[in-house]
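Got some structures for you, see below.
You will see subunit A twice below: alongside subunit B first, and alongside subunit C after that.
Entry: the complex of A and B
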């Protein structure tokens, strides 16, 4: 799934915000199913076999989420049965089912987003708006592995000195705390050194007038990025128009309405389907192109 | 371009966000996302609530040292999650956020809390829950900053704050769980969510108290020393 990864961070974020936004906040059944299928295809392309390991988790999560709603929500007019004197309605069961689909779809989309948007891409985005904050974040990100290494060093030293023992759970905890305390001293001193060193090298932290800090940017906004964003906006416009027209409106309560498939409703469904499948389409196009080029060599 | 925004313009942006954007988003959310308006509004307002505080940090002119200290405390709280990973729910994040707030001010506490949420989610997975964690941990830090003096003096108050912070974190997160799932705030469902997370909440509150009491002595001393030695 390298095609989508190569896009500019802004493009990736715009795409994901639109797709997850519709999934989270517009819970029309057909839309939810389309989004879930899209998320599944995306995940398969992105994760491959890794996805199999998380299927039991998704399945249990789905089951749990679907069951909760009818137990707590007694809206709806079609009574299925009574449980401990509580009404279980058909509408609540349907709603719970589709909410579970929504939750699973959102989880899968965000998992894909986490893979595509590594922390450096996020820092690039934050950096345009809040350079100071992005600096703090990138420093903290670098410190985390450093601290984990340092913790190991301290641990070994303390053990060798016989300063901590691991006889019981309690002494183990006390030992961890002691290591952490040493860690804090070391890192605070380290922080001051870093700060002084930065100042010595000309890092100006005050907001001087006309002071401009340059930064290293590794991302180019290409024509394909513009095209993709334009496509996303266009599709969003088409399906928003469809939603506002009421061609595909649906309500779960008080009685679950019937799904209408008319000529008018096909357009927003198709638009959403294309939107959700965009990364997969791009990837497949790229693979076909590759085969074509290879055969021509 | 974005880079040329002055301090004054940022202040204007802040006011626009607070007084115009939030009501507009609530109104738009009600119109467009009929069925899911509460989920949308909850998420939007949470994100916007974090923005003014993060922007304040941007225009502050305090020393480079404080900047690095925040980075270090954030990294410590994230790395601490791995050091104490043996016991589930036993995390030093809140304790570090509170200590940072007590010694370096509420704003530093807010940032340490909010950034800890973002950074640890780079490892545990980002999602719509990230802004809520940011706000919850951030607010725990901000309030601790307001209460810095009494918290510094009394260990009883400090442990009490640890318990309240642990409970508050679960309560804020469960609001989102309930609203996101059902797009309404059903007390029964909220109570059920709270009850199901109760063992975790208790563990969390207990670990807060343990960490705070154990750290305020040795680590508090170190922070004080850094403060007096380097004048932060």
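Entry: the complex of A and C
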């Protein structure tokens, strides 16, 4: 799944903003199902076998979310049965089911987003708003693994010195405290070195006169980014028009309305389907192209 | 033309009365490669930092420093910042950002360059340094050598005219260090970059330097070509030990010609001036006597035979087909590793970087646990010892990063209030007692950590790279201490990159490669059997004499082969 990764961070974020936005705030059943299918296909392409390991988690999550709603929510007019004196309605069951689908879909979208957007891409986005904060965050990201490694090394050493006895909780606790205190010193010591290294390479306080730091951007906004964003906006327009026209409006309470499949409703459904499947379509298109190139050689 | 001119510089830290630098004056020409050497604490770092104005320490300073004819204190900040690059000792702490590409761009961002220009310079530099493959990596995923190369590239990208390096290879293994020095040489030769480098491992840097600057107690003692400084350095006990092998052999005799510097020149020198009447050194003539059992040649052969048949004493620590990996889905770091360390033996494991040497040691220390195989300590499973009894009077480990040993605020607290120097050991901490352990020099930290670890009164001592980042003076001290501990009956397992060190103190050496011990033998047999992985003294005398592995032995065999007319 390389096609989507190659897009500019802004493009990726815009796409996810729109897709998850519709999923979370427009809870029309068909839309939710489409979104969930799209997220699933995307995840399969992105994760492959890795996805299998998380299926039980998704399933339990889905079950939990679907069951909880009818137990606590007693709105709706069609009574199914009573449980411990609580009324269970058909509408609450339906609503719970679709909310569970929504949660699963959003979960999968966000997981995909976290894979596509590595920390440096987020930093780039932050940097456009506040460059200094972005630098501090970049330094923090550099520092965290360093810190963690040092703690681990100290723990091992101290254990081998018998200073921390893992057979006793008391000794372990006291040891952790001591390690924490020495890590403070260690961090300060390191910070001095890092600050020297920064100054040696011309980093000066930004309050200084006539000093302007520039920002190196490792991403290019290409034509394909423009096209994709244009497509996303276009599809969003069609969708919004369809929603405003009311052709696909749906309500869960007080009685769950019937789903309408008319000529007018097909257009927003199709538009949303295309929107959700865009990454998969791009990926498959590229794979086909690749086979074609190879055979052409 | 002089690029740098230091004129009568004297410097004093605010807290101490003594001057750290005392009337230093020298010039460096454009395109020169100058190596600065001297004992630890002689003011090298202070001098280098004063030249790089941004890093100048606070204190009372007299005298002037001129860069390209301009006083560095009076010129505009940015100009000098760009023109003087500075690389420090520790690879990790100099890295500022989380990704390699951002690190390379950092200095250029500070210069306020445009993205397209930065992209061009960074791309160019990454290609030159061979960073292309790891350009998109996180900085935390790099090896020590890669980190230091990145630090160099991140400075070079700003196109400095003068490059100052403060012991840049001290924390690297010998192979990464040699690569780093080779890169510096390339920069100097191909671009005429002026380099001022402070170092204490001189074997690799002498051959590439134009001039050597020797400092002592804040003064410039000697400033001459590598071939000529030898005469001066030879008079100083501490400095003599740090000279390259060829120079030490040369200066052990009275020859009036020019001193050899490289191993190649050393060979020619020996061929030209010495006979080959005696090619083998008798045991009693060996200056480094690892086995410490002086005896006849017969007894000697006997002990080697025993040693080979692995029936040499009782094993103190033994590995039986031990396998270890860090994560379930990773490759094995140790693969059916088997070896035994016998009682009262010094066993040195040598090997390349990331070969699993350190892991072996940590498994032996019971800090990491193997997933299969047995580790025995005095015939009993290591895992059956309780932590309390294992680390008291049985086993102790000195880790590679000795800073991890220290968790208190002063040396006194670390060692205990009424610390007494153990008999026969050269630990003198009286002056250091009230300092923070982090403020000690590399060598002092190493000794202090060793002293603390020895308080566990172990029977088996595990040492991980005990000579890392320390100068030859402390190295010699370390060798004496280790030999003394052996005499007192301790069993010692050492993991090291340092071939010279192993040649000096090991009873047996072993090569660790690809997760297992591939060969083990007495040091002179071990190094004689290796063609590449061997000491400089051995390389220099190979095919001339047999089984010479240390500089002392090389000098001795030359002495025995001296010609009558000379």
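By definition in this document, the second predicted complex is superposed on the first by the 279 of 297 C-alpha atoms of A that agree within 3 Å, B and C clash if a C-alpha of one lies under 4 Å from a C-alpha of the other, contacts with A are read in each partner's own complex, and residues count from 1 in each chain.
Everything that follows uses one rule, which is that contacts are C-beta pairs under 8 Å (C-beta built on N, C-alpha and C of every residue); 3 or more make two chains touch, one makes a residue touch a chain.
Remember, predicted model here, so these are calculated numbers, not experimental data.
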Taking the superposition on A as described, I'd like to know which of subunit B and subunit C A:194 touches: first, second, both or neither. both
Figure out whether A:222 sits in contact with subunit B (first) or subunit C (second), or with both, or with neither. neither
One more residue to check, A:133. First (subunit B), second (subunit C), both or neither? first
After the superposition on A, what does A:163 contact: first (subunit B), second (subunit C), both or neither? second
Mind working out whether A:120 is in touch with subunit B, subunit C, both or neither, as first, second, both or neither? second
In the overlay, answer first, second, both or neither for which of subunit B and subunit C A:245 touches. neither
If you stack the two complexes on chain A, which partner ends up touching A:141: first (subunit B), second (subunit C), both, or neither? both
Which of subunit B and subunit C A:285 touches, first, second, both or neither: neither
Go through the superposed model and pick first if A:24 touches only subunit B, second if only subunit C, both, or neither. first
Comparing subunit B and subunit C in the superposed model, the one touching more of subunit A is B
Those residues of subunit A which subunit B touches in one complex and subunit C touches in the other: 119, 135, 139, 141, 146, 179, 181, 185, 189-190, 194, 196, 198-199, 203, 212
Spell out the part of subunit B that touches subunit A in their complex, as residue ranges. 2-3, 7, 29, 32-33, 35-36, 39-40, 43, 54-55, 57-59, 61-65, 67-72, 74-76, 78-80, 82-84, 86, 92, 111, 115, 118-119, 122, 125-128, 180-182, 186, 188-189, 192, 214-215, 218-219, 222-223, 226, 230
Interfacial residue positions of subunit A with respect to subunit B in the complex: 20, 24-27, 65, 68-69, 72-73, 99, 103, 106-107, 110-111, 113-114, 119, 122, 128-133, 135-137, 139-141, 143-144, 146-148, 151, 172, 176-177, 179-181, 183-185, 187-192, 194-196, 198-199, 203, 205-207, 212, 240, 243, 251-252
Can you check the complex and tell me which residues of subunit A touch subunit C? 119-120, 135, 138-139, 141-142, 145-146, 149-150, 153-154, 156-163, 165-167, 178-179, 181-182, 185-186, 189-190, 193-194, 196-204, 211-218
In their shared complex, subunit A is touched by residues of subunit C numbered 52, 54-55, 77-78, 81-82, 85-86, 88, 90, 92-99, 101-102, 105-115, 118-119, 122, 138-140, 151, 154-155, 158, 362, 365-368, 386-388, 390-392, 395-397, 399, 401, 403-409, 436, 438, 452-453, 456
